[in-house]
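Each of the next two complexes has chain A plus one more chain, namely chain B in the first and chain C in the second.
Coming up: the complex of A and B.
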């Protein structure tokens, strides 16, 4: 209960003190014209007190003296008295002109309103930021100057930046997947371009395929170029793109669905859960137990269950039957598309059939899911160590943040979609555009600025990801990120220089976003 | 993307659900396929809803299972075995060596979150009013500078702030032995006060931004009329601006309360080893870190910690959403 009383007292004292200061200064400045002497005398007292404090500090020359110790108090009171009298004398002698007082008054009025906020911003953000930059040039104890050596340590250390695996990029399936997607997007763009008589015509859907290819490529790169810095970039790229894309998907579909608000609330709910709580929630999802025991984590339980579907046990044939039905439907769709000359439908359904055919092959042959064949041909559970297996354990950690942030993207994009002027949409409909064309031609271009806002907000948030990594792995198993590294260096090892340099690296990461925000605000006003 | 009509023309009518094509001839299979395709997105949405709810639901169900059940089998088995208990909740709330002691941590969370919500609102509302309605030199630049700080990562300020809270700020004049005390040592490290002071500083850029967006759209004629009647800025602020800004103030309050309630980094840094002041987030994170005796209490603990924001979320979702939307969507 003491904690609550403390909170209550804190609120009362802080609000009361700022209200009192505000009221007193406000009244005081309101009386500038009539009581000029009061203002000058008060500023004299304040200036004198400060000067006395500095002077006593100069005299004693030691920080061991507690503030307001006897002699210091004398200096402060003395300074305040002398300066206060001088201020009062100045005020009584020469009242300023009415024009000057009113100008001064309005400036001081503004100051009383803005002052408290500026004080907090200066003491809590700007000065600490400058001090962090300053400390980053010093050594562990914060005393010996090192120049940029801390930054050198960060970027030459194999723990934080390891580019030796670059050749592996070209061997990864992700890389070749991205090449295929890029080629696909380019082929469509060239075909469309020829039809319209230009070199290449990039529609929204080709750009979408291209973005998908870029994401695959980034995964190929980040899975092979390792280290803390690369992990952080991986987080930023993957979480930002996937959360925005999934949020957009949910927003678009929900916009045309009954029970929209119910569906949206449930996707949005993780926003209310702390990162720590989310990490714990997903830890339960990711639990992997020894193969002989039954799984308590849902994901591994499903994975192992899939593994038990084998031709020898008969389960696989059910799966194959389901898959074959779906494949047949897709084939029919493809034929329908070819007959109707709807190339997108034909290509789409054909593409969707490929993974199904692959799954059928896996079910009949080597099997799907987490199981290996035991000595007697019986399936033994083979679990996925979601949290421990590097490098893709990073992705499983990112899933937690994507789970949280999708709701954020969805809510904002959903509001943007609803704010698209309905006459624009009506006009497009009158011109014969179908729903897909309305979306890509009207809605999407209109909400692009909002998508940018969502993505910049997310970059800022993801850049400093800390809680999830700390709770789930504490940076072990190749999942370290800059913020956690910074915390460990600063607050467990008390390496002021390196910790500050890591913080500055994070800061530099968001500087472009800050610049963008400033430009946007300038344009907005 | 050029103009909307341009883009609409550019798209060939190749869409799967092309109404234009439908008109060319009634085709039963085509219609069935069309209807099937139309329903796919809705299924995708509900699939997403299920996937997004299952993790929280798993935690919720697990929190009502006995310790041995939790260790031996998944929560889905309890539907058939039906062996539920409230023991985890009573254990995690009460304090003791084998239990959670989460009750005290919840009070600590309130002790941090309540001042960290009220104080920034008071300070930011004053500043937002001045930035919107009191002209002064450099106003635009100070405003933009302040608001641009909302992208600042907390990490860049933590170390100096902790030093300031634990030892004050001192300046040793170069070339001399003299040290001047700029800020005295109030020994705030390890106290809730340090935590909410830090939260206040970090919240201000966003608070000023959000409240300014709202307050600057209030009708100026109202203030003119009040000024003619002899009201000064303070009266206008207190009598007109505050009552009219209640929606924005509430939106920010809820946003900030959830943020500070769920904060882990700032509390962990500022409280250090002062375990008696830990908020619930640190408590459950440390329970998660020990992999030991109390692991069966973890799901109940996480759910208790999440309970308060979830209640806020369910009852005040409209305000929360409004806070999120401020500034990102032009209405």
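Coming up: the complex of A and C.
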């Protein structure tokens, strides 16, 4: 109980002392207009006392001998006296004009409120930042100056940046997929352009296809150019992009439906889970077990179950029947689209039917999912090692963060969609715009600023990704990211120089985005 | 315009709210702060009570009421609990207040604590390499002569040498693990006609026979959170001691024999060839790199695999209710990891205590950590906390009462105490960049098939700080 009362008293004293300091400065600044010399003298006393304390505390060398002779008390009192007199002299000899004191007073008043916050920011943020930058120029123990060599190490080490696989980009299916998408988008744009008498008309849907192509291209690049830095960029591109896109999709779909708040809270729910918790949950989702055991990881269980659906067991025919029905429905939709001259519907449903046809082929032919037939015709589970198979294990790790962040994007974008002025939408409707045209022509352009805010906030968050990687792989299997690398260098190996340099690299990556965000906020968007 | 009195009351209400919020904060802060203190107070009270109850205590012990803090990596209920029991036992004798804090990532945290100037009085080092780093950086205090004398009463030079840094003694061993062990089920071996292999070649022949019979020889998993890969490094170390001389092993650990040398990469290949043989390994997590090392106890008990090479402490990971070495059908036993050349080298590991503060009470606790009394008290407490069975604790301190150990544990001790060649876990002796860094991560990469042996060993050599 004594400890409880001790802590209680401590907090009361701390609060009381802060209040007293606040009151004194407040009163002191109240004197600025009337008794200027008192203010300068008091400031002198305070500054001199502090300077004296610092001076008497100066130590030099390894044996920490005091630099200056004399007791601490002498230094503090002496400093206070000298500085106080000097302050009084300045205040009395050169009194400022009444106009200036009044301006000064209001500024000082503001300082009493902003000051403590500034002090804490300096203590907790600015000073550590400067010290990190300082340490990043030194060696492991923080004593030998290395200049920028730590930064050089980061960018020349094959672990952090390995561009040797660049040729593989052009051999990857992802790359050719992106080329096809780009060509497709360009063809549509050119066709529309000719109809409207311009060179090319990039409608929203062509831009969408183009963005999809860009995403595929980025995956092709990041899967072949490896290393910690590239992994971080991959995280930023994929998670930012997919979370925002999925969040927007969810917001649009949920908008004005009957069970909107229920649907939205389901999607928002993962936001309540910590990154570490989510990492552990998804490790269970991804678990693979030996072929002779039943699969306990959800994804592998589904994957292996698909594999058991074979024409010989009959399961495949049920799957084919389901798929064929879905394909028939899509074909009908496509025909409907062609008849109504709704190109998006026609193209969309035709595109959606392609993977279904491919699945039907796989079910009848080589099979789908993770099972191979053993020598006696019995299915043997072929599991996917989601977390161990580089480089796409990175994507499976990103899924965790996307799962969490989609809810965040959805909530903010949903609010933005609801804030679109209804008279704008009504005007568009009156002009004969259909649902799709209203969305792409009115809603989307109105919420673009919100989308940018969501994306910049997300970039900052994703750049610092740490917990998920640490929990799920700890950077093994080619999934290392800068923040985890920083942790390992700094705290496992205690290489302060390299760890600090990594921290600075991360900081420099985040700063421009933060800057943009702050600028946007100040403009009041 | 608001009415003045109205404004007044509102302001008054605000002030009340503000005070309320401050008060709430105070309470929360006080409640948070009191947690540890209450525990400490409780322990102290208990210690004081026992002291009072023990009439033999000499009055006015100069160490009465002094405080010693101990920090270490052991954090499970059984291990940390038994450790605290042993310290409480000593606290009751001397009146020293001893607080033990355990954290799984203690080896990481101690860096920041030492650099920040608030290390514990005593740290339990899981790795001699780390102890040497701290000693060379001037954080640790060399043992006084009387402490060394006390330690030498209980430990053989083979063990005290691990606490010797450049000729000065800084650490005292206080726990030992025997790593060269293979866990198996004797009754199952007998029923299937398998014999315990005496040499490495016999082990390989036995494995081939098992595969031919449709059995899976080994359970192997190297996943261990931030320490993923250490199981692999243990295999490499054990085989380094078997294929090459102890001198080669020492040169390798000291950084004079490169990982990319034929000797070391040869052993890498030996391990990987065995592990990658089809049908050789049951990996409960789908692949060796994905399987947590602790998940191999269940499949061994379930007969999914026949053997599991793991240290003596693995007893703690074998499912509760398993019987050890009592001759029954489901009993689990161990055999010595076979040697190649007929000698019997032993790979050991363990923890060492080092002191950050020079004070008589700290040295008393240090002496206690290095005593056979500590080992006995802790062993008894840990066995009790495990509910009988194997405790997982082991100490190679001499002069211990052997009756505190079960027959299987006694056989571990006799292996440890009678071995001609004892070598400490090599990765624990190497600089942290390698021993707790690239040896693990590159090892994991070769096991996972992301790299070949030449690439991995070269990367490890490059990371060795020189």
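Here are some notes:
The criterion applied here is as follows: the second predicted complex is superposed on the first by the 434 of 525 C-alpha atoms of A that agree within 3 Å, B and C clash if a C-alpha of one lies under 4 Å from a C-alpha of the other, contacts with A are read in each partner's own complex, and residues count from 1 in each chain.
To be clear about the criterion, a residue touches a chain if its C-beta (ideal position, glycine included) is under 8 Å from a C-beta of that chain, and two chains touch if they have at least 3 such contacts.
Worth saying up front: this structure is predicted, and the values here are computed from it rather than measured.
Contact with neither chain B nor chain C is seen for A:194 once the two complexes are overlaid on the shared chain.
In the superposed pair of complexes, A:493 makes contact with chain C only, with no contact to chain B. Residue contacts after overlaying the shared chain place A:470 against chain B and chain C alike.
Which of chain B and chain C touches more residues of chain A is settled by the count: it is B. Touch criterion met: A:406 reaches chain B, while chain C stays clear of it. Legend: residue contacts after superposition of the two complexes on their common chain; A:506 is shown touching chain B, with no touch to chain C.
Residue contacts after overlaying the shared chain place A:284 against chain B, while chain C stays out of touching range.
In the superposition on chain A, A:387 contacts chain C only, with no contact to chain B. Judged by the touch definition given at the top, the superposed model places A:7 against both chain B and chain C. When the shared chain is aligned, chain B and chain C each come close enough to touch A:15.
Residues 3-4, 7-8, 11, 15, 293, 470, 474, 491 of chain A lie at the contact with chain B in one complex and at the contact with chain C in the other.
Those residues of chain C whose C-beta lies close enough to touch chain A in the complex are 22, 25-27, 29-31, 33-34, 37-38, 41, 107-109, 111-112, 115, 137, 225-226, 228-229, 282-287, 289-290, 304, 432-433, 436-437, 441, 444-445, 448, 450, 459, 465. Touching chain C in their complex are the following residues of chain A: 3-5, 7-8, 11-12, 15, 140-141, 159, 287-290, 293, 300, 383, 385, 387-388, 390, 470, 474-478, 488, 491-495.
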